[in-house]
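Next up: some structures, all given as structure tokens.
Two complexes are shown next, each including chain A; its partner changes from chain B in the first to chain C in the second.
For the complex of A and B:
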């Protein structure tokens, strides 16, 4: 009995702590949204208004009035979604090859792949932009998508997941007469589903926030993405904090939805991938 | 099983759709391009970039008013009236913080815009880099007479004019006259449409009185004056404070000469008012944006402003976005009694695209919208550089006259030196060191001068203007 009461007390304390940190983590989202309903001066008021005194949606109207905001949102979704699907296809195939297949120079090629993680994207912007120009992809969504399709991070991450699958599974499938693609598609891929879910979220967020590249490629108004488009509405010497909050709130919604839909894969993915047999 | 297949089918459909849409997506047939029509003349397409300045052609309340409205309208008229070519102008708005990234990538990629409309201080380095072409040939005597010499000095690098000035945005101080009254400082309040000039002694008295006499119950957490050094935002005001005791800042060769008695005195003064609690605390971690917001919330009695910020403040008060109070303008005082003022001149420059036709058309377009009697009226959205426009609107905009009177005190804060953008990164760390007590005023001016001149010397090596 005593033991039961002690356990319940520990549970209650643990729940209080977890709830506290959950609220703490949610606070930036709350602050973002409520600030988008305030006037610019009130956003930075000290002491702050924790609840907007006279909430208004005028910031949303001001930011999006006369602007092709829906078009920008559509562009952002297309770029993030297509690039992420591309990353998953390319990364899963490459990771499988590095993990399960034997070929000459495998380790060196993988090392070269991983080394590319150390090169910041900013260094490659100018040559990459010239390539995109030569392929006539400037001001097209394809110009924002293709350079994001092959990433060393995706290969590195999924290789970790493939490494956790025992080789005997593949050998059994070979004995049963399965082709290499069948083994990959029907046996291995379902096993690494949590990893793919985690990669989906991480990559979607990364591409969604790939401000610099999207800024450089989408220079025409109709080719801009949401993040870049919203930034063009800000006057240099007159930053309106409430406008920024309204824009950021809208920009955060798709990412929240993606996380809600894929969170079970994400949480499983980040834990499974870390354990290696 | 069927459900799984349906999901798979759905996923494949989405993938195919997004691939088709994503890869085939092209910007819609240049909806921002203005002026295209079949005239039988040779077609020329030029691009114009601008950072957000004002909305609408002439007024922000026009239907569909946007930041590119004016240039689209100007392009339409130019295309109709231009005889040499059938011109299309592609107008693009880019954010101020996107400017250098986009320009550098496009300059390296060989695709700079033909025209850029922006503050001259932000674009001067491109003139030094040889990315811009001189505009001497499109500036005529009529323009020279209508626009004061001060403005031509700002847009002239070496012997050549690189920017066609259109409007300007004077920088001053702004003060809360209600707080002055509450502290018993009525005698120091200027007129509603006046830019008040105080002597340095008066200014110090005002600050001290605000500190001691401002009612704490009405103005909680309020401080006399704004002081900031978090980053390079609003650094022009800090540069002005450094000249308060007569230091000229740049010599004739474009080198910093802050490290003298007058320079040290100015830095000591800043430290003195900071230590005495006459400014907001924590200046090293406070930005100009923070100060601007604090002023709007009546937590600062004196802050910085420019004509656009001041107009926006008034408009926000009218619309109820900001609580109403009596905001008025004042000059930055100096020891000599002669106030300090500066302005951000805004205008157009033409990039060297190595395409003679496009460069000619671009210059003609710049001259067109910068001198056409109807179009130049749009400069009233800032402060017009043209005396004729300022005169025309002075009854509608009474501050134009005050700004005009003030223009004799203007100083060119960039000195048109090469590497100015990089130079801006040198000042605020030194001021941070001053406010945190890490460095003495003597060390600050010495280090700023040394580091600043290094930046300038390096930039001079690559300046086409210094290496003609």
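For the complex of A and C:
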């Protein structure tokens, strides 16, 4: 993996700059977290305390007492989890068919799926919201979930994984008398597990951060997701900045944990969408 | 003959059964909204009544100075943020890609974490950092002897600030993509260049950057589309202000649809944005098809 190009001054200077900005880039998050631990007077004190003098969790207590933050977190988890499981089920079935089965119109349908990949659903938010209203899903978690299950990214991604499996595996199973669904479920699916893992993480995070759509669908307070709910603290009458920062920290922590535990999945998942050379 | 037909019928049926769930959802939530959006953009909509008005909504749009302003702002945001992202990500990736794996992973992580915690959280932090009364940045500016400025309330400052915040929050994704692409470049190419006496800058500019061109195209397109629908940072930090100086197409669409209840006009904005995205995504789609055929 490692390839050495001769050490040069320009390289060393470049890396010092890169490292400096990497650390500077994390400063806003440091400021977020330390501010959330200050009391309402210390948080706006100038010159500031770079390290909180007497850290307190009272802002967090306030967030959970004044706001249905647990309800919002629960909503976010349900929406992200169900949408992601849905994506994995429907897109692994379809990806398998596009990769291994022969049927009329296959190429055309796949072409249409791929063409939709770059279109953000936000541009058709008006008709989409009317559909959700007609299905009686406004202010419901199902309204936030279904449009996310419909996206074709998983089909494109998992087809790449199915394509790497040799056809002889399927042919042998057919001779053994296995049905198509058995082949898919018992033989093929276990082989593409790494692809499903990467898709799970990527899709979970994407739905978790699907702010605009969740804002539009969940307008009642109890139907909000964590991101949308926490964002309302910005307009909250409570002038305490530490309280707002505590809310923002609550919204940030789940994604930070996911990133720390699944870093390698991200690198893999993000690069799969790009061009194969 | 009959047997073959029967077999191919069964084959077709199996294929359709497998794609059926995805296809149904796709038709309901992707295909239908596109056509319905085009239809709605030709109607005036008052709650339950719809009146056909032809291209009136589009004419209204082009006559509205706020729409013009939103379009110009969006273009400025797209051009500046995408250019900054590509240049800076190339710089970071070309500096670190051949270093120790743990160092690479630290750099990748530091730049990617803001992407993870999302624009919502980052916007909240920046609104605190930039707050004129008690934010850290105005304080440091005062300490440095600069005049007191309201970064988000100043017509000429608000765009650069939004550009900077969006760029620093999102650049991590481009960095990850570039590092992966550069690690994938065969080692022999660099060795050959070194034998020829090329220095690092020459290797980077003459070999590395041309070789990762497909990644550059991909990053450019996904970022154009991402910035085109820029919304969160505008809603949470400026509300489009001051005086529409930071309003964007997506924010304009949202307000028309869900604040002013002008659904026909909002649909027309959506159709225009849809056409722009479709045109922009053509080069990427071409590359994807080629990748699939191989």
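As a working rule, the second predicted complex is superposed on the first by the 181 of 277 C-alpha atoms of A that agree within 3 Å, B and C clash if a C-alpha of one lies under 4 Å from a C-alpha of the other, contacts with A are read in each partner's own complex, and residues count from 1 in each chain.
As a convention for this text, a contact is a pair of C-beta atoms (placed from the backbone, for glycine too) under 8 Å apart; a residue touches a chain by one contact, two chains touch by 3 or more.
Keep in mind it's a predicted model, so treat the numbers as computed, not measured.
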Which of chain B and chain C A:252 touches, first, second, both or neither: second
Partner chain in contact with A:205 - chain B first, chain C second, else both or neither: second
Chain B versus chain C as contact partner of A:18, first or second or both or neither: second
Comparing the two partners chain B and chain C, which touches a greater set of residues in chain A: C
Which superposed partner A:44 touches (first chain B, second chain C, both, neither): both
First, second, both or neither for A:220, with chain B first and chain C second: first
Which of chain B and chain C A:82 touches, first, second, both or neither: first
Which superposed partner A:109 touches (first chain B, second chain C, both, neither): second
Partner chain in contact with A:91 - chain B first, chain C second, else both or neither: second
Touching partner for A:241 - first (chain B), second (chain C), both, neither: both
Overlap of chain C and chain B interfaces on chain A (superposed complexes): 43-44, 46, 125-126, 129-130, 212, 216, 231, 233-234, 241
Parts of chain A lying in touch with chain C, wherever the complex brings them together: 1-6, 8, 10-11, 14-15, 17-19, 21-23, 25-26, 28-29, 31-32, 35, 43-44, 46-48, 89-91, 93-94, 96-98, 101-104, 106, 109-111, 113-131, 146-147, 149-152, 155-156, 159, 180, 184, 205, 208-209, 211-212, 216, 227, 230-231, 233-234, 241, 244-245, 247-248, 251-252, 255-256, 258-259, 263, 266-267, 270-271, 273-277
Chain B-facing residues of chain A, complex: 39-46, 66-67, 75, 78-79, 81-82, 85, 125-126, 129-130, 133, 138-142, 145, 212, 215-216, 218-223, 228, 231-239, 241
Touching residues (chain side chain B, partner chain A) in the complex: 14-15, 18-19, 21-28, 30-32, 51-53, 64-67, 90, 92-98, 101-102, 104-106, 108-109, 111, 119, 169, 221, 289-290, 293-294, 296-297, 299, 306, 308-309, 312, 316, 321-322, 344
Contacting residues of chain C [partner chain A, same complex]: 11-16, 18-19, 21-23, 25-26, 28-30, 32-34, 36-37, 40, 91-92, 94-96, 98-101, 105-114, 116-129, 131, 133-134, 136, 139, 168, 173, 176-177, 180-181, 183-184, 187, 190-191, 194, 199-201, 203, 214-215, 217-218, 221-222, 225, 229, 231-232, 236, 250, 253-254, 257-258, 263, 266-267, 270, 273-274, 277-278, 280-281, 284-285, 287-289, 291-292, 294
